[in-house]
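A, B, C and D are the chain letters, set down in written order, and residue numbers restart from 1 in every chain.
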Amino acid sequence: MTVSDVVELEGHIIDSGLMERAFTVVMDLGGEFDIEEFEVGTTKTAESYCRMRVIADDEATLHPILHELHQSGATLASPTDATLTPAPADNVVPDGFYSTTNHPTDVRVDGEWVGVDNIEMDCAVVVEGVERSDDGSVGVPDRADVTAETKVLNGIDAGDLVVTGDAGIRVKPPERPRDSSGPFGFMQGGVSAERPSRSLIRDIAEAIAETKAQGGRVLCVAGPAVIHSGGGPGLARLVREGYVDAISAGNGFAVHDMERSMYGTSLGMDVETMEHPRKGHKHHIYTISEVIRAGGIEAAVEEGLITEGIMYECVTNDRDFVLAGSIRDDGPLPDTITDAVEAQNAIREQAREADLVLMLSTLLHSVAVGNCLSSTTRTVCVDINPATVTQLLDRGSAQAVGMVTDVGTFVPMLAEELLE
Amino acid sequence: MTVSDVVELEGHIIDSGLMERAFTVVMDLGGEFDIEEFEVGTTKTAESYCRMRVIADDEATLHPILHELHQSGATLASPTDATLTPAPADNVVPDGFYSTTNHPTDVRVDGEWVGVDNIEMDCAVVVEGVERSDDGSVGVPDRADVTAETKVLNGIDAGDLVVTGDAGIRVKPPERPRDSSGPFGFMQGGVSAERPSRSLIRDIAEAIAETKAQGGRVLCVAGPAVIHSGGGPGLARLVREGYVDAISAGNGFAVHDMERSMYGTSLGMDVETMEHPRKGHKHHIYTISEVIRAGGIEAAVEEGLITEGIMYECVTNDRDFVLAGSIRDDGPLPDTITDAVEAQNAIREQAREADLVLMLSTLLHSVAVGNCLSSTTRTVCVDINPATVTQLLDRGSAQAVGMVTDVGTFVPMLAEELLE
Amino acid sequence: MTVSDVVELEGHIIDSGLMERAFTVVMDLGGEFDIEEFEVGTTKTAESYCRMRVIADDEATLHPILHELHQSGATLASPTDATLTPAPADNVVPDGFYSTTNHPTDVRVDGEWVGVDNIEMDCAVVVEGVERSDDGSVGVPDRADVTAETKVLNGIDAGDLVVTGDAGIRVKPPERPRDSSGPFGFMQGGVSAERPSRSLIRDIAEAIAETKAQGGRVLCVAGPAVIHSGGGPGLARLVREGYVDAISAGNGFAVHDMERSMYGTSLGMDVETMEHPRKGHKHHIYTISEVIRAGGIEAAVEEGLITEGIMYECVTNDRDFVLAGSIRDDGPLPDTITDAVEAQNAIREQAREADLVLMLSTLLHSVAVGNCLSSTTRTVCVDINPATVTQLLDRGSAQAVGMVTDVGTFVPMLAEELLE
Amino acid sequence: MTVSDVVELEGHIIDSGLMERAFTVVMDLGGEFDIEEFEVGTTKTAESYCRMRVIADDEATLHPILHELHQSGATLASPTDATLTPAPADNVVPDGFYSTTNHPTDVRVDGEWVGVDNIEMDCAVVVEGVERSDDGSVGVPDRADVTAETKVLNGIDAGDLVVTGDAGIRVKPPERPRDSSGPFGFMQGGVSAERPSRSLIRDIAEAIAETKAQGGRVLCVAGPAVIHSGGGPGLARLVREGYVDAISAGNGFAVHDMERSMYGTSLGMDVETMEHPRKGHKHHIYTISEVIRAGGIEAAVEEGLITEGIMYECVTNDRDFVLAGSIRDDGPLPDTITDAVEAQNAIREQAREADLVLMLSTLLHSVAVGNCLSSTTRTVCVDINPATVTQLLDRGSAQAVGMVTDVGTFVPMLAEELLE
């Protein structure tokens, strides 16, 4: 006695790797398959179709196979509605809740597919605009009111109707572009260890310029190394000229940036810094103290305390910034959001609005932003540590490129490409 | 016309590097010196004494030299009282505030030296038990009531009497032990890349055992890699048997640990994990969700949800733990302190009570703990990334040792050394 | 006007990734395809077949596409004989020579497929046993005498018949095993950063034990860090007990190993080493000097100079070792092959005989050995630097696993697993 | 009963760290000291003097202390002549041979100090121009003929008079410059992780320019990553314009450089390279094959095969280059020195002639060159891997600076600084 179910795969399922992944999943998880139909797209633009029966010895084997196939983009041949189960309590998911990927996703409600808003990884899907009877059946008073969106655990309220099980869900991982030319072509390349650095910086500049030309929004996630390594002035120019629309950073980043403005940087001072690494840390504390006294970053800019740098450009050009607190912070600044959940929510909003995210030398903040991104958002990750770049690219963005380089040379070169 | 001042250096000032550092500081910062008296300890145990006049062209040159000499352990030959200035507002330091090192420090109040409590780097020093007139003079109603302690910026209240300037302060960097044998001898070794791993683990075990034998307290700062790499059971045993008194970690660490307890780990599952890295992330969310439902970690242990692992051992053996939140967290757990300032305060208390700190595979939490440590606290830092180990050891602890190794092999070997 | 050619793909072409790769190659290199026939294996064990016409605007576009398809495992639908062109001079390849992959390969000579012996990456293929007329036609006096084998550039003699162009060649990249269980199942896992270290060591031990049980040969490529980190005694035991059949290393490895035997290691001495890194380097030179005086490693063992360690076990148990010289070497030892070409040839022989290669903490020697390996040889690569592991695994072995760990804890744990 | 001996320290012994090191050595190695005289230089330029009796329980304890003090720059108070012992055989050192540091060194022969030529680490010192009787006494026929020089093990001939023991040797570690300003001031800085990258590149450019202005010689040690990352054209310009006088590299570096010249680099091609890392490896083999056919690099340039790049500039501008072979090499080129000992000798000559060495992205070649350098040669080490930079700087050069950056951005920026 075996159990089985039928799944379908559609699209450019061969060159996107979906077919390979489907076969692999079945075999690795101990199942068998029987290809019931396979129509291969005979030309480059034609789509393919595959209907495959998945067979396993028992439900316990079959279920995880179907789950993985799902997450990869396969759909059940005979879809049923998604099961909706009320959350038993605030911040608690019902048993068997469906945990999202970062790919565009639909859920089936009352026979129709509804797109899930604000797709983000590892969330629950909550459906609104439906009525659920005690027997689990779902009614739809007004089709137009039905919506589905992702919710993180701390956003779930008792009674929220959460999608459970794997039925009635379809996931659409982004496909490989048909054409690898154009400025975004390079974006499929993963970590580019052996590529000429300057050419790659030129490509990234082109991607940013194109995003802006199309009215898109560029979010820059930046770590304090941007300032230490001398990337501050370049990034400030990019903010001023509108190539960077928003900054997502931490308390330290902002303090270092404003300290540069408040206490200057002569070469002599740099030399001292090199020789006495602890030196000038007092400036760091002073900077925070003065900004607190002024009443925050905007006030400090307005009273003329801060006269240049990234935070200055953000304030004077009205660019959005989020400073998320961490347990390493001195101070912190009044602008720093010290509560992690509140900070995540602010980051989530930045991430959702971004069309291209430039991650510069910060693992902590880049992971936090990356967690909130859909797989369709373009991402550029720059770090001198290859392990950081690899970790960030592994999160499954379809259009992500990594560059292992020195942010202190990267930022000025990028600014030159875009501004000169 | 030149300006000058006289400083004194006392103790094992040659082999501790203090003399070298003093000479270097004067020369690098553009001064001259004139050795007025130098008595060298003629034997290993005899102390040395040096009185040196520091000469510079102007006050602007002299001042930073004196400041650096101070921070290194030199004292003014003719000490005056510390200057006390009221903080102008909450969280704001007065101009010229003295920023602490992590070395034992005294401040001179009304002619007598007062030890600074809870010494920690980059803090202000606040003196209590004195009365300050408007002319800045300080009165001492009752000598016994005079205390001094460090305060971070967010702990400062308007009106707090903060030490400003460099006068009336003396810093005592720890000296090199006279004898490098014994279990702690190795503790001076810095990063040990070329040392036999097993011997070094044995030395670390001995240091922990000795700390416990002397009634000391061991704090373990641990990252999620401890769990991923298989170090969980070993660390749980060390907690149970009392070799680790407290855990300082993040939300993810606790969740991974409890997920292991709640969902088990067969070899088959591990293989799957390896092949499908996103797999099982649902378990991660479930774990949090269930612990929230139970009402927290202690409640989850009590209701039998969690039956083994590090958090389990902490609860059942009444070991202190702090889970500090970060913007990467899922959930978070009810026990996680999401506010960064509040979390820092909890970490600060752990750090102050610790006699030996074992930092395992976490840069974020280790830096946070390290920031709160005196230079006299023994620290062992273990990470597979040499840059992390170097960064943590650079913070100036006098008795710190780093080991670049795999925490997944380190923890079981350490547990074997201590427990078998 | 377009040009086209027809290629065939056969086998488990979907889950091996061959189909995906074929589609990708055509699209990335600017071609189109037309699937003329596609029979998908409808069950896990059934093979698939695809005949695809590749279309391009001109020969200059078509040719690289066909070349890449070839290298990936596609074959021309209407194969012709391989073109054989005489090498114009010693160490010089004819124009258009075919450069090998590391996958099993056949060339077609006089209508029949001949396997290429000693397959190795980036080589030329030389055919013997044929007669070539001036018009390029090839005659086969005796079928049984026809052989083909790889030759590196410095092995090519003027007049050697070298395969040129892409015709008449078929490449068979290894397929994914149908079954991922068993000791070698894990071998598909790539770099295992998040896997429990001890479990992975257990799997590697099992793979070595199984290789030996099947009469296979284990080659260990080892760097000096094996000795520094304390892995020497463990590796020596593995050599003695026959779990390691051959050692491929450098001059420094052997010297460090023998220095340990000649000058002993007390704990006191290790501590000194840690404090004075240059200390004992004289022992290093002495060791070499004494072995030179004795007449080589074997002689030094025989005269009782060397009484333990890896080299000792190699000599007394008659295990093969190759010491390849490098420009960093002190000495060198009389046994060290200082000529790079000669050393490569010795390494090549070791590599060809190996069934499992264990690479421990050496990039230079591992790359040299890896260059000579067929894609079907099992490889385990262990290093504390993730970049090294990634670079070694990228070379395209089908059964390669990497582990980022401390070789100083890895070797003793591996020895315990195998010997206790 | 104790044993003792008297050593003297002279110069800027405090700020050079010599006093500290001397005290530390005595204490760590189990001795006692008695300071018999100590005159401290009372001003910045005045030298200090210390006479110290070192006391130990037995000769076995005393000897290593004296040895270490020696190596650090202490001299015996009552110097005797160096002991000279004939080498027992070719490539074999006599018992107790003195192993050199990389600091300037003198040996005492017949009552007078003779400078050791070609100082290099871990060598023996061979004295010529003296006659040795069987009783070990040494006669000097003509004072003017007495010379001493370092010899590596493979340069020692039977009968060479080798310095043994520690007597009659004085080592002069370079002192800290009295003044840290000027272009070379930064050269004391070690690894500069937190320094603005562009400022540091400017400093390095200035150091190169000053070296050239003073008639010095710049040696560039370069790895293949210089070419991959796009640094080739910049380095070629530096060679052409005379800022780099010599290149020390490997076979792969030269091949990659010439391949760029022979097969061009369009953007399209780069993109392909990124997508298909093995692609174009055939070009690599072709390049070697063609250069072999031409008869070598110079011939290939002359016949117009190579028309640009670093090797081209070396040939046409008559810059010295050494290509040292390794076991990873393809080919190799006819110019590559495949024998490691021969290659070391060629590298040794380059190193001795260099006044500033720029090490770019190669650990193997940088270590080989670094092994041959005196501690007084300025060294700049650039690599993206911090562990590589640290390892290279640890070799004890007095004027070494490291920069952790991307060589693909470093080289163009350096060329711009020097040439524009």
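The rule is simple: a residue touches a chain if its C-beta (ideal position, glycine included) is under 8 Å from a C-beta of that chain, and two chains touch if they have at least 3 such contacts.
Everything numeric here is computed off the predicted structure, so don't read it as measured data.
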Query raised in the report: Just how many steps, at minimum, does a route from chain A to chain C need if it may pass only between touching chains?
Result: 1
Report summary line: Larger contact count among B-C and C-D belongs to C-D
**Report entry** Distance-maximising chain from chain D - centres being C-alpha averages
**Finding:** A
Report summary line: dist(centroid_CA(chain B), centroid_CA(chain C)) in Å evaluates to 47
Query raised in the report: How many angstrom between the C-alpha centroids of chain D and chain B?
Result: 38
Query raised in the report: If you average the CA atoms of chain C and of chain D, how far apart do the two points sit, in angstrom?
Result: 34
Requested in this report: At least two other chains touched by the same residue of chain D: list those residues.
Outcome: 28, 180, 275, 277, 387
Query raised in the report: In the complex of these two chains, what residues of chain A are touching chain D?
Result: 180, 185-186, 188-189, 192-199, 201, 228-230, 267, 270-271, 273-275, 277, 384, 404-406, 408-410, 412-413
Query - Complex contacts: residues of chain C adjacent to chain D - result: 28-29, 68, 71, 88-89, 91-93, 97, 99, 101, 122, 124, 152-154, 272, 275-279, 281-282, 284-286, 288-290, 292-293, 324-332, 336, 338-341, 343-344, 347, 364-365, 367-368, 371, 385, 387, 394, 396
Query - Touching residues on chain B, where the partner in the complex is chain D - result: 12, 14-17, 19-20, 23-24, 26-28, 32-36, 38, 40-44, 50, 176, 178-180, 386-387, 390
